[in-house]
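Take a look at the following structure, please.
Chain lettering (A, B, C and D) follows the sequence in which the chains are written, and residue indices restart at 1 in each chain.
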Amino acid sequence: MTDITLEQAERVLATALADATARGLAMNVAVVDAGANLKAFARQDGAWLGSVDISIKKARTARYFDMPTGDIGSLSQPGGPLFGIEVSNDGLISFPGGLPLTIDGVIVGAIGVSGSTVEDDHAVASAGAEALALTVGASA
Amino acid sequence: MTDITLEQAERVLATALADATARGLAMNVAVVDAGANLKAFARQDGAWLGSVDISIKKARTARYFDMPTGDIGSLSQPGGPLFGIEVSNDGLISFPGGLPLTIDGVIVGAIGVSGSTVEDDHAVASAGAEALALTVGASA
Amino acid sequence: MTDITLEQAERVLATALADATARGLAMNVAVVDAGANLKAFARQDGAWLGSVDISIKKARTARYFDMPTGDIGSLSQPGGPLFGIEVSNDGLISFPGGLPLTIDGVIVGAIGVSGSTVEDDHAVASAGAEALALTVGASA
Amino acid sequence: MTDITLEQAERVLATALADATARGLAMNVAVVDAGANLKAFARQDGAWLGSVDISIKKARTARYFDMPTGDIGSLSQPGGPLFGIEVSNDGLISFPGGLPLTIDGVIVGAIGVSGSTVEDDHAVASAGAEALALTVGASA
């Protein structure tokens, strides 16, 4: 299994935090490895306390299913094929802000961002993901 | 971080309980501090047992995201941007009855009320919040 | 079922808090009703955050088994008849600080105190219990 | 309540990680704030996966009771006054590796380290804590 290193995770984290600051936002940012285990995390001063758990769950969810978290949400609505999936795995987050992290097209982990609108969360997660790979294979 | 004192929390609690009594209601009322940890709680005689947990979760939810719990619910409906957020943080409550507590505009904790309709819950929570601050910055 | 009223729970709580203050301690104090459901709670300024949960668990444990929590601990040691009982009921606390609350010998709830040594916790719990009944039928 | 900033938490984290590297160890390091909520985290390459949770629980435990985690373990042995306390608060860790973080004697958060022997864990946690305050008031 190709796995993210701490140096790479810290680069993803620092890039996402800088992007959040540039946008005037205060974010929680989590990075998990290829095994969906927490690798690095930071909560900016003033960021929502409830987003600690959500950012970690977004990162896990993105790695659990190797897709942007928002893609799952499009399938988990009432009447949809994955309705209710959020109760599995001690809680999934199925709205945008979680993205797989790839190197040369191979998934090595995931990033989860929480602290603002889902559009902002996704944008900051994308900035972090792009720090690792020039091409990110999916979008939410 | 400015934090609520027990004297302040007891004032919020007593005001909310008196307001509930004046309305002929029996309520569960919880107050959490700036770190979202329980500070004070009371359940009036005859109030719903299931509302112990809900009132505490409402208070935590309001502090976790620094907004009225009802605001989250308006975003977490099917098709909404935060659909399914309730599974995070060991359970959020996203309907009205939870409000941040502020002193001079700084959030120092939160109140959660449960035991009647969400309109009643919100009204009693507002009464409690107003005991602490002359201006509460948000409404559910 | 004879049950504790909020007025009685508040009297127990206030007496325990005053006793803690007189001893120069900062405590978490919880009162549960005859159904072992939380009735009233307060955390004094500066009291341990980890004692929120412990004080509530002490009160529940005392009512779950209608005895001082310390009595359970004497039976739950390695080799004892109740070894490991602490993992039940989402977590019991089996050291002193929890006591049944009685009126005329009838158990109507329980008090749990946490924030200092177990001797201090027990002493403050006893003060609270005595506010309700002249005779408390058990000691830890 | 004085709270740790992200800049301070990152300094604690970086110091602890550098200390671990200098000792030839691979560690999980967690920092929580004054409210016991996660502030920063990093897992070094090759560090135990099971230590993610343990490092976070050590940090929380140290802040929950404002003392080194090892101090609690000395009281929670069979026959000790706090036997069984580990089942509270969704799981406490009561062996060394968690320490309060102080600035000018005021507790602003805590650090938890897991990944080696408890002696190593404690030594690395101490290095992290010393990055924030010249004097750490307790030892495990």
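Note that a residue touches a chain if its C-beta (ideal position, glycine included) is under 8 Å from a C-beta of that chain, and two chains touch if they have at least 3 such contacts.
Predicted model, so just to flag it, every value in this text is computed and none were measured.
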Taking each chain's centre as the mean position of its Cα atoms, how many Å separate chain B from chain C? 26
Between chain A and chain C, what's the gap in Å when you average each chain's C-alpha atoms? 43
Round to the nearest whole Å and give the separation of the Cα centres of chain B and chain D. 32
Would you kindly tell me how far, in whole Å, the mean C-alpha position of chain B lies from that of chain A? 29
In chain A, what residues contact two or more other chains? 49
Which label fits the chain touch graph of this model best, line, ring, star, complete or other? other
Inter-chain touches occur between A-B, A-D, B-C, B-D, C-D
Chain C residues touching chain D - in the complex, by the definition given at the top: 48-51, 53-54, 57, 73, 76-78, 86-87, 91-96, 117-118
Touching chain D in the complex: which residues of chain B? 1-3, 33-37
Across the complex, what residues on chain C touch chain B? 5-6, 9-10, 33, 35, 37-45, 49, 52
Show which residues of chain D lie in contact with chain C when the two form their complex. 35-36, 60-61, 63-66, 78-79, 81-85, 87-90, 92
